[in-house]
Each structure stands twice: as C-alpha cells, then as structure tokens.
C-alpha cells in the first residue's frame, strides 16, 4: 500500500491520497480533545454570556478539527462536509444567541449569566 | 306479693325456721353444694314474665316519644309508674307461680348464639357453641330480688313524679326515661339466664346511673360524678368480663343452669388452666361486685353520685343498683365455695374487704355535714356488711340485709330528698334544725325516725335482725380472723347508730333554724329559687306534698312489716319466705357448711343469741352518744370538736375523717395524674417518635438523598450544563471503559 | 503510556488551568501555564515516543496545535472579553492551519472567512454594544471571577481524560494502519474517479484536453464519450480510462492522476450527492436563524407587573398559591 | 352481572352529577346512592348463602369471570360471600348518610365532591366484590385517589400534609402487598405451569409454600394491610387524615377504608399463609394490644374531637385484629362483626361531629361544650353512638368486643373449643383494659361536649341555613345509623349465623397447624433441655 502511495505521490498531484501518519492524527486528535475540554471548561466557568457562546464556538472548532482529521484518515470528504454543517449551525447559533443576549441585556443591563436564574425552583 | 309468699311458704314448711338460727341442711356432695335442680324450660305458664322486662322498655320508649313531642304534663311520670307497677304485679304473679325448688327458664329471643362443628374435635358438645340468649332464669334468688326491685322502683318513681315536678318538660321525660332504662337493666341483670345477659343488665344499670347522676348536666360536679361512676364501674366490669371469659374457657357455657350442674358434679374447669378456674374466677367476679357495690378500692364514686336527683340516689345508689354486686356473688356463690373448698381465700377476702369498708365508710360518715353524703357513706358501710355476710357464708343474712337495707335506706334518702326539696336544696346539717316543729313535716320526721332506727339496728327493728344474722355468723364461720372481723362489725354498728342519729337529731330537734343553699337553689332548682329563694330570710320552706308523704308512709309501713314479719311465721312471715327463696338458689348452696349445733359459742351463748345483746347494746350506746352530743347538749359536741382539733396528736383524726381519709386525693395522685402524664408522654411519643422520626423520618430519606444533588439544580444555567456534561462524561467513560476496553 | 499516566497528566493540566484562571495573580498564572504546558508537552512526547522510530515527527501539527491550545486557554481565562475574542482568532487561525495540514484547504479558508471574518466580528460588535460601564473602566467582576471552576474543571478534564484515553490508548489508539481504518487506495481512487464520472462537463473537457495533447490536429476532433450502464470511466485498479468515439473510431484514453477531482470538488460533490437533505436542512436553519435574529432584534420588551414593581423599587406581588384549592370543607 | 350493575350505578350517577349542574349535584348523588342501596338490598335478598352449610361465593366467580389477558391468567372475577356482602351493605348504607351529611357543608365545587364520593364508594365496593388479585389490588389502590382529592380539596387547614401522608403512606404499604401477591402468583405459575390471579387459586396454592416463604409473604401482605387497619406503629396517617378530612371523608375513612385492611387480612392472610400466621400471631397480637392501650391513652389527652375519635379507631381496630388472630370461630365472627359495628358507630360519630362543626366551626373541646341544652336531639344521637362505641351491651359495639375478647381469651393451647390458639388470657386481659380506657376517653369527650355549662366559641353566630338543633335532613342522616346500632346490638344472630360457615372454612387448617406448632415448640424445648443435660454430663 505504501508503494502505491509513494508512486502516487511521486506522480504529483494527489497528495490527498497519502494515508495520514499515526503521529499526526494522534496529535491532532489530542489537540482537538484538549480544545474541547478547555472550551467546555470555559463554557462552564465564564459568566459573561457572550464569552460563553464564544466558548461553544471553541468546542465547535475542536469537533471540526476532529472531523477533518477523521475524514483525512478515512480518505473521504465527508468529514469536511460535516464541518460545513458545523459552520452553518455555528453561524445560526451565533446569530440567534447574540440576538438573545441583546434581548436579555435590555432587560437587565448586565452580561452576567448568574443574573438569570429563574429555573431555580426554590 | 301476698300470694307469692303464701304459695311458697306453704310449699316449704320445712324451711320455716322463724327466729331459729340453725341451718339444718343436709351435707352436700362436692364442695358442699346443695343439689341443684336443672332449670325447666317453661315458656307457656311463664309467658307473662317477659313483660317484667318489656314494660320498663316500653315506658322508656314512650318517654322518649314524649320528649320528642314536647309533652309538658306529668304524663311521663304516670307512664313510668304504671309500667313499673305493672312490672311489679307481673313479678308477683310470676313468683307466686314459681316453685323455688325447680328454677324456670323463659326464653325470649335469640341474642348471641354461635355454634360450630369443626375444629380438632376432641371436645364435648358444650364447647362447640356460645349461647347467650335473651332468657329469664327464675329461681328463689331472682324472684326475691325482682320483687323488691320493682316494688321500690314503683314507689320511688311515684315519689319522683312530685319531686321532679319543677322540671316538667324535656327534663321530666329524660328523667323518667332514665328510670325506666334503669329498671329494664336491673330486671335484665336479676333475671338474666346467663352471664352475658347479667352483664348486659350490669352495664345497663351503669348507663342509667350515668345518665341520672348527670341529670343536672349543667353542673360540672354532676357531670364529673357521672363520669367517675361509670368509669369506676367499668373497672369492676372488667373484672366481671374477665370472670365471664374465664368461666367460658373452663366450663364451656355461660348459662347458669349448665354451670351449676357442672359445679355440682365437682367440675373444677376443663382447660389447661385448672388451677386458675378455682382461683381466679371468684377474684374476677369479686372485682366486678366491688365496683358495682362500691366496696373498698372502688367505692369513691358512690358518695359523688349524690349529685344526682335524690330519687335516683334512693333508687339506684341505695336500694337497688348497688346491691347488684351482692346479687352477683350470691348468684355465683358456687364458684366461691369451690374456691374455698380447694383452699382459696376468696370468701375470706370478700368478708374482710366488706368489713373494713363498713368501718372505713362509717368513720367517714361520722364527720360529714352533707346529709346525703352521710347516707351515701352509710350505704357503702351497709354494703360492706352485706359483703361480710357473703364472705362469712351466710348468704341468707346478706340477702336479708339487702332487703331491709333497701327499704330503710330508700326511706332515709327519700326523707333527705324531701328535706332538700323543701328547704331549697339545703343539705348541710349545720344549717338546718328543729324541722319537727314546722307544720307539715311530721310525716317526714316520723318516717326518717323509722329509717334511722332501722339503720341503727336498735333492738326490734328489721335492720337489727338482719345485721345480727351477719354479725353472729362471724363468730360461727371458720376463717382467718373472723372473730376479730365480728368485733369490727359490732363496733361499726355502734358508729352507725351514732352517725344516723346525729343526722336525725341535728335536723329534726333543737331550735328551728334553716336557710336555703345558694348555688344549689340557683342551679338545679332555678324556678323554685326564683319564687322563694331570693332572700335568705324571706325563705319559706314548703312541706312535701301528698305523693311524697304517701310514699314515705308506705315505705315506713313496709319497713315495720319487715320487722314484725320476723316474729310471725306462715303467711306474713318474711324471714321464712326469704330463707326458703335463698336456700334453693345458687346462693344457698353454701349454707350447710356450718351445720346446726356444731358452731362455737360466744361468751357461752349461742352466737345469735349473744349477738342480740351485744349489737343491741352497741346500737343503743351509739344512739345515746348522738342524743347527748346533738340533741341534749349541743355545746358538748362543739367542745369535743374543739378539744380534738386543739390537740395536735389527735387533730389529724377528725380532719382525715372529714376529708374522707383523703382517698380521692390519693387516687388522683397515684393513678389518675400519673396516667394523665403517661398519656401526654405517649401522645408526645406518638407525634415525635412514631410519626416524626418513624414515619416522616422514613419519608425524609428520599428527600435527604435528593438534597445531596440539590446544589446541582440551583437555577444557574451553567450549573445544569455542568451536570449535563458530567453525565456525558460518565456515559463516555462507560462506553470507553466497558465497551471499548472491555473492563473498567 | 498507561492510562494512569494519562490521567495524571490530565489532572496536572486541570490544575494548571485552574491556576491560570486565578485572577490577578501573575505568579500562579505562570505556574499554571508551566504545569498545563508541561502536561500537554509530556503527553505529546509520550505519543510520539509510542510511534515507530522512523516515523516523521508532525512538527507543524504540533506547532499549530500548541498555538490553538494556548489561544483557547487564554481565551477562557482572559478577564477582558475583547481580548478573549481576539485570542479566539488565534484559535481559528491555528485550526485553519491544521485544516491545511490535513489537506482541507477549502475548509481552512472558509473557516477563516466565516469565523474570523463574519462570526467573530459579530461577537465583537455585540461585545462592544453590551459592555456596561464597569467593563469599559476595567474588567467586570463577572469576567474576572470564574464560577465554580473546580466542578467545571473536574467535568471537563474527566471528559478530556476519557476522550484522550479513547483516542490514544484504547487498542493502541487511533491508528490509520489498523484494519478497516484506511480504505484501500484503489477503492478511494475508484470513488474519486466516479465523482469525475458524475461531472460530465469536466470529464469532457479533460478528455478533450487529453485528445488534443495526444493528437497533432490543431482542430479538435468531435468526439463522444461512450457510456456503458451510464458509466464512462472504467477503473481497473491502477488506471482509469474512458472509451471515446472519435469519428466512428473508438479509442481508449487513460486518464492521468492529475485529472482526479480536487478537494473542493469532492466536498461539493459529497454535499450535493450524499447529503442533499442535510444541505437543505442547513439552509433552512440558516434562514430561520436569520428570521429569528430579525424577530429577536425587533422585539419590544414587555416587563411584567412584578418586574415593573421591582424596577420601581416596590415589593413584588405575592402569588396566592392557595387559590386553586380554596374549596374548603365548610 | 348483578355485581357489575352494583359497581356501575354509582359510576353512572357520577356522570349524572357531572352533567346535572352544580345545584342539583347533591340531589342526584343522593338519588344515586339510594339506588345503589336499593340494588344492594335486592342483591342481599337474592343472596342464597346466608344460612349456608359451606363457604360459597355468589355468583360463582369462575363462572362470572371476564378474561382480560388470558395468557397471563388475568381475569376480572366478581363474587360475594356473606362477609363481603355485609361490608358492601355497610358501605352503601353509609353512602346516603354521607351525602345528607355534606348537604350544606360543601359549598364549592359540589359536583366534584359528590363525584369523588361516589367513586370512592365504587372503589371500596370493588374491593369487596373482587375475587381476583388484580382487580382487588386495582380497586384497593384506586380508592386512594378519591380519598386523596376529597382530603386535598375539601379538607381542613393541614389538608396538604394530610392528603400526601394518607396517599403515600398507604400506597407504599400496598406496594409491598402487591409484591407478596405477585410472588405467590409467580410461584403458582412456576409450580403448576398456569398463570392465575384468582384468589381462590392462590389461596389454595399458597399454603403449600414453605414456612419461610410464608413468613415473607405474611410480612409483605401486612405491610400493606396493617397500614390500612391500622396496626400500632403504622397508624399515624390516620389521626391526621381523619382530622383533616371533610365530614363525608372522615365517615368513609373510618367506616369503610379501615375495613379494607382487615378485610384483606381475612381474604388473604388467613387462608394463604396459615403456618406463618400461627408463628407470628402472638407478635402481631402484641402490636394490636399495644395499639389498643396506647391509642386509648392518647385519646384521653386529645382536645380535638375528630382526632380523639380517630385515635379511638386505632384502639378499636386493635380488638378486631385480636379477634382475627384468635384463630377460632368466636374471634373471627367477633372480628367481622367488629368491622360492621365500628363502621356504624364511628361513622355516625364523625357524622355528628360534622354537624356540630357546621354550626360552630370548631372541634376543639376547650372552646365548645354543654351542647345538650342547646342541641338535645344532637346530643341524644351523639350519646347513643358514644355508648355504641364504648361497648354498652344492647348496642352493637358490645357484641363484637365481647366476641373478640372471649375469642382471644380462649385461644389457648389445648382449648376445648377444638380451636387451640396461640394468644390466650393475657392478651385478652390487657386488651380488656381498653374497655375501661375507652369509657374514660369517650365519656371525657361526651362530658365536655354535651354536658356542663354551655360554652361556645367567642365569635359564634347562628348559622343562617341551619337550625339550632338538628334539621330533619340531619336526623335522616344519623338516625338510621343509631337504629342500626341498636338493632345489631339486640339482634346480632343473623349476621353471626351468616358468618359461621365462613369462619369454619377459613379456620379449617388451623387447629392441626397450631397443635403441630406447639408440638414443635415442645420438641425444641426438649432438645435444648437434652443438650443442656448432655453438656453438663460431659462436663
């Protein structure tokens, strides 16, 4: 298999046909996991509503990286297609979330998420 | 009654002992029982007997209807009197038809009747059913009892028709309904063919007593007294109930006929608790009797029961109901005799408790000022005599005393009632005096004198004879300290004479003075007081009316007849007839324990003869002291009292006697109050431990578990996100560790 | 590397991030940075150690990854929102770099365009709009003090530990050479040729170019591509060829590797051919988001009575909670 | 079919009440309850086994079965024996009284109230007529729902806590009961191969289980039933629920719901697990005796009338349990009779208290008293019912109490009755002190409430709708109960005769079991003696 890959590489154009190396994908996945964890920590710890949403974007990024990496590993474009969807959702989310933030900000002039705790029962 | 006496007296010439004190009966078989005769079921010739019970019921129902209709006339009284008189007439007819030698059972209707056939099946037929039907058991004892119960009931209802007149209306109906219920229950008690029916009557008279003591229900004291009476009686009833259970457990039947047959054949019970039957049954029954008849541990309700209207005191708490205990023990005497035969001490206990109660109550009666209370304690004391008689195995003496006591005590109470009625409810003997001289009070004075003489046991009176019957027996029967008990009884006889005449002298002799009782006048005799009692010095006593006088006269004549009847035989002889009736019943079975001529002597005389002199002397001495202190020289009485109070070493005695030896206080301190504390503690326990910790605590466990996780649900969005992510992490961990790696 | 080492490193990393979060403590921040970076580096070294000796070290990936992680860490810890947003740009750019390294150049650039260009600007815009007075002066209190950092860190790093465990350790980690992980190149090639087959115009152009370069004729000959069962390209495992009929003469033309569809073409094809419904849904989502944003932005706030009372400094009305059960026994 | 109609009449009445409008609700409910009563009387007259030799159901439940899930043997089977028919009669008899008693007391949401009332009585009747475990349990639990709502909507100030406690407490208990019954059914399926939930099948099967299993089943059944009865430590829901419930609710709780527990013991516990019953009867009886004395003492210090009567129920039901565990016909008949007489007496008392409460809006003995002067008719009925409760001979309470106690008393080893028992005189003697205590607290209550000087709450004013004393409607509600108390008191034999064959059938296995129980105990005693002597010998 390696021979073919090498020949293909030598043939020029289609570097996409080269299987990814183990080190690369593990490093990339590690990075994506770390980013995801940090994003989550950020989402859970930041109290600024806007930054919370930014942290969700961070998590989107992390998952996008993982998608791309796996797509690369399986040598098909579907990983990238999913990233497109992720981008779509992220954009929609950003639009709505920011609209909501603005709305909330009009009610209480603060971005503190703690200010909104009506879910609490008692 | 005449025909009854005639009939039975003729049929039992052999029994006619007159003044003879011998009890010449043949020695019996096991336990020394007289041979019992199995009861004959005869519903034809005694069909009328059922109406003895039903007439009072009818009258009670009618009174209830009158109350509902708002009858304001004397109709309830006449209905009741008619019904009770009818009952008495029927009783007389029935008794006249009755041969004491052969008891009769009259079946009315089925009540509790259970039977079964299965089971392990080793037992005889008698245990395969529990039968306690509404049926009458007619023998000498019940005939004897029913006659005076219905007679006195009629008399007293007649008396009450005038006495209660101020309450005409609903209260009048209520009163006579109560009296009718009482008579129904009493007849059921006396005539009941089985122990359960006896128990029905037993509780029924308790109910009637409760309702009638609490007649003046607006007076808290009356309500409390009614409650006390019922509860004290219930304590006794517990004993009776346990006795009934035990009897059924041991003998498999509750019908008197079957039971007496079993006992006569020497059966000591069947179950594995052989020893218990003989030992415990009498004690249980004794407890019941003591409750109903107000003996030592349970007597305290009777003096309080005087809160009821006086006719009630006379009827229930002197003449009839309180003798139910005597009736019970007389009826179940075979059990006591069996106990004695097997070496038990039940009879001795009865005698001793009776004797000591007699003394105790007499001492209290000496120091009371309320004349009804004096009479109440006197009743307790006389009932003590009767129990003493039962315990000394002279059930004849006890029953005889029941009759005489019923007459003279009813008489005394009715006289007290007349006085109370006439003087605005005044009962304090210090505030009354010289009534004898007020016009219109002669009958009362005379009747009360008769009653007092009879109660004091002055020679020649009926009380004298019946009391001697008991006291002499103390020197005849063998038993623990019976001689000493006899002397206690004799001493009590002297005290009795003293306190009885203290009352009589104080009220009827001396200078005339009176004033009405304030609270009483305003409370229960409201209408009356409104007319007469606004100002004490304007108070005019009103003499009793015709009906009261008539009743007092009749009762006095009855009492006198009882005394005269002692001396004559045949038709008019009371003693022979009574002896015959008692001897042939279950109560008489024990009398042959003391065969004639074998008993010891007292001072070299035959005890009965000796007792005539001894107790007569004591009675006369008591009377004399009372005369000296309360009639001839009243200052001496005050001096004596001052002397007693002034000496520290003796001052406690009059004080304790006035305070009834502090028995009520002791009961409250040792039983009622601790029980109340325990109840409160239990209620606290129930709320705090059972409900609080036990139930709510258990219910709180899930809540506690939930509260561990509650901080996660603090309403903060990110908090929820944290827990969500935590859950996600756990899921992934599970996937990674278990699915992918295959192990944790 | 054993799981325990990995988990320990995660714990160290978590502690490091915690220390970085502590506001206004430079020393702890440095210690935290060192700890976090150390833990990350340690794991990376361990990962590389586990590889074959002759395997190339993915140095560029490591650089971009470290940059992204640094940006992310700084973003979640920086007390000033604007700076956090700017650090997010770092993350985006680094991720785009990693996309590039993984031959996803189209996604890389669209990421930068969409994120850094559009989304982030919006964020910044709203940030600026919604900054309250305190934050213009300095940092808002709620930006400086993280909320429940320990719980969040526990949750986050447990997740990290497990994920990295799954990625790196379970069954030797994610390995392209594991069976079934990488499809055979022939099938990949065939798939891609089939994409080209689905693009008839491009195929025709390619074939035309090939014919032109082969023949000496200056005028291109008219040709038709023959299709068998609707398929033009035949792939025999090594070479893809097309049957072409030029003037009634059939010719088999072998397609060169360079004729394969590009990455962007593959993505586009996949999008329309494999996920058409998802694509439509994505479009609808975007449309709805647009509507939603418009509606939200236009919305007037109607304060409730209680809120008005609160705003006016009055106590809120008490709710009568018994009102439903007001029957009562009598 | 007859029994289906019995259950459907109140349900259809519910529909009528629902559509009949708020004003007519009570009249329709009264009509419906009277119709149910009439139908039940018709059934009682048709019932062929009043004086039967054997224990028989009518109509035969197997013939009357309505399969639901045939594969699992689940079928609705309805049938009555004399005991359950008597309890049905108790229920339908009290229903019109309840409706009359709530006539003006319920002012809001009337329709709902009467619907709940009718549903409650349907459920209770359903329990009594079911002859299969599934419908028994369904009705048993379903009866909680109307009870819960009556309590929660129409109750007193603490109705929330009371309704929740009532519901959850009894519900949790009966879950254990379901567990026990399901275990029996499962074992039945395991061992015979057929699923069946018919009570007749399970009761014939269950005694073949081992003694250990029977013990656990007994425990599970008791967990559900003892709460309902209620037995001593499990009684605390009752004072609260009875106290807070509206009049009709209290009447129903006291008169009927409590009977469900005892009826369950009679239907399940005695026939199913005889060995365990013999082993555990003394323990349960100790609880019952404790309950009798304990609750009676607590009654004595109550100031709230309804609470007092509620605690008195705990005390009284102890007697009934004791009678049941006496394991002889006396006790069992007494126990069945106790169910009826307690239902009438206590139900009537609650009705009376409700009438008083409507006028004075208090049930605190410290605030109110001396009503005999103002309300003589009310006092009359109240006193009659109090004495029925005290156990005065001639009223119904006595017969039941007497039979229970004498049954307990004679439940001794080697009893001549042919029914040896495991309790004995001591249990009866201690329980009999309940007689004294009963008189104490009930007369304390009567004395405070009826007698003494008139005391009324300070803010009392005459009710515009109600006369000073009872109206004819109220007399119509309470007089039948008083009459029944009297009739049962002097004529108990029809009921006692009707229960005789049932008692004999239920108790059939017991004499042999009790005897072998004592033999085992003797043997165990001998063995321990033997080991002791051997040890000494070896030493």
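By letter and in written order, the chains are A, B, C and D; residue numbering begins at 1 in each of them.
Methods note: a contact is a pair of C-beta atoms (placed from the backbone, for glycine too) under 8 Å apart; a residue touches a chain by one contact, two chains touch by 3 or more.
This one's a predicted model, so the numbers in the text were calculated from it and none came from an experiment.
Contacts with chain A and chain B are shared by C. In terms of the distance between Cα centroids, chain B is separated most widely from C. Central chain (C-alpha centroid nearest the global protein C-alpha centroid): D.
Ranked by the number of C-beta pairs in contact, the top chain pair here is A-C. Taking the mean of the C-alpha atoms as each chain's centre, chain B and chain D sit 36 Å apart. Centroids of chain A and chain D (each the mean of its C-alpha atoms) stand 67 Å apart. Centre-to-centre separation of chain C and chain D, using mean CA positions: 70 Å. The geometric centre of chain A is 4 Å away from that of chain C, both derived from CA atoms. The set of chain B residues touching two or more other chains comprises 716, 718, 722, 725. Contact of a single residue of chain C with at least two other chains is seen at positions 147-148, 151-152, 155-156, 159, 163. Put simply, chain B touches chain A in their complex at residues 713-718, 720-722, 725.
Put simply, chain C touches chain A in their complex at residues 13, 17, 21, 40, 43-44, 47-48, 51-52, 55-58, 61-62, 64-65, 68-69, 72-73, 75-76, 81, 84-85, 88, 91-92, 95, 98-99, 101-104, 106-107, 110-111, 114-115, 118-119, 122-123, 126-127, 129-130, 132, 140, 142-143, 145-149, 151-153, 155-157, 159-160, 163-164, 167-168, 173-177, 181-186, 188-189, 191, 257-258, 260, 263, 266-267, 269-271, 274-275, 278, 282, 285-286, 288-290, 292-293, 296-297, 299, 301, 303, 307. Looking at the complex, you find that chain A touches chain C at residues 1, 4-5, 8, 11-17, 19-31, 33-42, 44-48, 50-51, 53-55, 57-58, 61, 64-65, 68-69, 71-81, 83-85, 87-96, 98-103, 105-107, 109-114.
Contact residues on chain B toward chain C in their complex (touch as defined above): 716, 718-719, 722, 725-726, 728-729, 732-733, 736-737, 740-741. Listed in rising order, the residues of chain A touching chain B in the complex are 40, 43-45, 47, 52, 113-114, 116-121.
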